[in-house]
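Shared between the two complexes below is chain A, which has chain B as its partner in the first and chain C in the second.
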Partner chain A sequence: MSELVLETKGLTKYYGRILAVDHLDLKIPKGCICGFLGRNGAGKTTAIKMMLGFLEPTAGSSAIFGCSSQNLTPSVRQRIGYVTEGHRLFGWMSIGRIGKFQKAFFPEQWDDKFFADMIEYFGLPKKQRVKNLSIGQRAQVSLALALAPNPELLIMDDPTQGLDAAIRRQFLEGMIQLIMRQGRTVLFSSHILGDVERVADRIAVIDKGVLRASCSLEQFQKAVKMVRVSFTGEMPAEIEIEGLLHCRRSKKELELVLVGTDEEKIERWANMSKVQNYEIVGMNLEDQFIEYTEPVNHKGFQWE
Partner chain B sequence: MRFFALIRKELRECLPWFLLAFAFLLFFGSISLYTASLRKELSYPYISLDPDLPRLAVYRPLSGPAPLLFLSAIGLGLCLGIRQFWYPHFTRVWGFELHRSVNRLSILFSKMIVALPAFIFSAGLLWYLFYWYSGHRELFMVSPPSRHLIEGWIITSLGFIVYLGTVRSGLSEARWYTTKMSGLGFSIFIIVVVFNQYKIGWAIAAIIAGIFVFMIDIMDTFQNREF
Partner chain C sequence: MTVWVQITPGSNKPIYLQVAGQISEAVAKGQLKTGDKLPAVRKLAAELVINPNTVARAYTILEQSGLVSTKTGSGTFVSDPKMISRDAADINALAERMDNVIVRGLNLGIEAKDLLEMFKSRMAGFGKKEKDKEQER
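On to the complex of A and B.
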């Protein structure tokens, strides 16, 4: 594996008796764009805050550029861009002023032209105060502030939350600007799987504080499959196939969600189980994510 | 450059409160002194024969502006503490504020370095102005003793104590009905201790001790607090 930019080892956080993050072992190699996925309350923000040293872990450790997150030095922080959840900025500052403020902390790296270009690209008025901006505009300012210092690592906590499709697209294109600069690493949490699919090359899935997957996007997409099966006779009461995650029954068909089961194994199982016909259904990342993080015995909502 | 950026930001955020405290004390303090100068019977210093009277009581002609100074200093302490340490929590900007290429103590000190002159200019210097004005023989028969000047500065520093108490409470992660308010409680305790001193030296010592305790606690809390 190439040089690690971010690494957590057994990172755990309790809020009182509530376990928010459970032994998170995450490795982010240099140069990758990692989507940090999880449902609401999965522990993404808590994990990110621990990585940046804003929260103290109950157990475990985290390091960025080899420096412990609890003791990030100013020089290491200078190499990290951070977009906060909800794009919280100083409301009284104008866009121009907040740019100058941010610049003071990145004297050598700050790219004035890049910042001005991004603000112009987003069509933001420089004299407008942050508090008078919409959440979408705040997100754009936030991204410009994080990208202008040309950070080696960009961490974004749900950056596209609350943005409409057009602004989200602009935001992602802004992000791609950074990605195009070589050797830059991005970690971003998101609920919008379409965005992740578009830009990420790696994903980490966290569910109820537990890291359920950390691999390349391609690997994940190959691993999670849905197979629709119909039988010649009666459907078997129990299905035994490697990697079975969910099994849904209808009158004539079975829908199996499988993880890590290759097509050869599926075919072998189909031959052994008197399967009349089977079909591997195409899934997008959103479907795969939902299936992957859905509780095993989840029955779903049923209309009476 | 980084520290100056922090100072400028803090100054801009706190400036309205400085000016408000300054304007309040200047306006009402001036009216109070002017009214006192018009009243002949108040032109003489009040001499207490009661040995039990606390010495820190400010006698005429500064007895009018003194409660205003107290109100102004305490109010300024509360407002600055809330603006600097409670408001970022409500608006959730701590993440943005703390992710800077400076250490946390620089951020803390930038806030305090701005708060300290606020008390000096908005309360201390105005008090000196009132003291100087009340020293005019044509307005007041007897000038106030120099002790009153020191007492005014002691009252001003009580404002700073309240500021530190508000900061400590703002940084506390406890619930408001448990130990969160202990910082403010401790500052009230110091105020009570100071007002019960007969000797100015003890009052100053109590203030220095209070500031020392607060500073150690605040520095430690700010370094280790979760944001």
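On to the complex of A and C.
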């Protein structure tokens, strides 16, 4: 793996007795766009806040550019852009004012022209106060504020939540434009898997505070498979195949969800197991994510 | 010139395979000809709003299959199909894939002659190239 921009080691957070983040060992290499995936309440926001030093971990550590998240120096902070969940900005400031305010935190890299151009491109009135903007306009301001300092690492916590397709697309374009500059890295959380698929080349999956996957998007897409199986004669009571995550039974068929089992192994298993027919079912990223984070042996809903 | 690449997120096919597949198809249909230059990785990535590494991955796959070649510093170009090496194993693999299609068709109850008609009409979609060849002769 190339140079690491961000690394957490055993990063853990308890809220009282509730375990929100559980020994997170996450490594983000330089130059990637990493999609941070997890269901609601999985611990993404808590993890991000600890990475940025806004929240003290119960145990473990986190570092950005080799500098401990707990003690990020101003010079390191200047290299990091952050977009909060819900785009919380000071409502009483005008767009122009908030630009100047943000500039003070990034004295060396802030690009006045870029910020002004983006605000104009979005068609936002510079004198308007932030509190009078719609959520979409506030998100656009927030995107311009994050990109204008040309950050080496951009961290965005669910930036496109509740936004329309056009503004979501602007965020994706912003990420692509940033990554095209040499040595930039992006970490962003999102529930819109189609967006993640477009712009991410890496993903990290967190479930109930535990890091379940951290790999290239391609590896994940290759690893999670669904196989439908029918048998000659009776269905076996036990299924033994490498990488078995879920096994669902209907009268005639078995549905297996496998992780990391290559096609040769599936064929070998089928030959040994009185399988009449089997089919590897195509899955998109969303199906893969849902299956991957589904509790094991979950029975699903039953409508009487 | 890049109108022939269209991305469908949420499909069963990963995006790098969509890009590689559509470029292969454009070459097969003659929309891209020998010597044509593929768009630069960064340009195509910006245009399609996808990660540049995803485009680069697609180009690598095309290069490994021999369909395109990269000249350092000047770009990626469509190769001459006559220069593409294909051995007996490639032909066998192709025959096997055809077998799969035939089996599926016959299993669906389609008669052999209708299956052949279907193959011809699908092939007509790639007709431009045949015409080009005739002109060459």
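Everything that follows uses one rule, which is that the second predicted complex is superposed on the first by the 304 of 304 C-alpha atoms of A that agree within 3 Å, B and C clash if a C-alpha of one lies under 4 Å from a C-alpha of the other, contacts with A are read in each partner's own complex, and residues count from 1 in each chain.
Methods note: a contact is a pair of C-beta atoms (placed from the backbone, for glycine too) under 8 Å apart; a residue touches a chain by one contact, two chains touch by 3 or more.
This one's a predicted model, so the numbers in the text were calculated from it and none came from an experiment.
Q: Clash or fit: chain B against chain C, after overlaying the two structures on chain A?
A: Pair status: fit.
Q: Once the structures are superposed on A, label A:Glu56 by its partner contacts, choosing first (chain B), second (chain C), both or neither.
A: first
Q: Applying the document's definition of touch, where does A:Gly282 land relative to chain B and chain C: first, second, both, or neither?
A: In the superposition, A:Gly282 touches chain C alone.
Q: Which of the two partners, first being chain B and second being chain C, lies in contact with A:Ala104: first, second, both, or neither?
A: So A:Ala104 only meets chain B here.
Q: Calculate the angle at chain A, using C-alpha centres, between the directions toward chain B and chain C; round to the nearest 10 degrees.
A: Rounded to the nearest ten degrees, it is 150.
Q: Based on the superposed arrangement, let me know which partner A:Pro74 touches: chain B (first), chain C (second), both, or neither?
A: After superposing on A, A:Pro74 lies in contact with chain B but is clear of chain C.
Q: Contacts for A:Gly91 in the overlay, against chain B (first) and chain C (second): which applies, first, second, both or neither?
A: first
Q: Could you tell me how near the closest CA atoms of chain B and chain C get once both structures are overlaid on the shared chain, in Å?
A: Superposition on chain A places chain B and chain C at a least C-alpha distance of 28 Å.
Q: Where on chain A do the contacts with chain B and the contacts with chain C coincide?
A: none
Q: Any idea which chain C residues touch chain A in the complex?
A: 7, 9-16, 42, 45-46, 49-54, 57
Q: Where on chain B does chain A make contact in their complex?
A: The touching residues are 1-2, 4-5, 8-9, 12-13, 91-103, 224, 226-227.
Q: Hey, which residues of chain A end up touching chain B in the complex?
A: 49, 52, 54-56, 73-75, 77-78, 80, 82, 84-86, 88-92, 100-101, 104-107
Q: In the complex, go through chain A and note every residue touching chain C.
A: 32-33, 169, 172-173, 176-177, 179-180, 193-195, 197-201, 217-218, 221, 282-286
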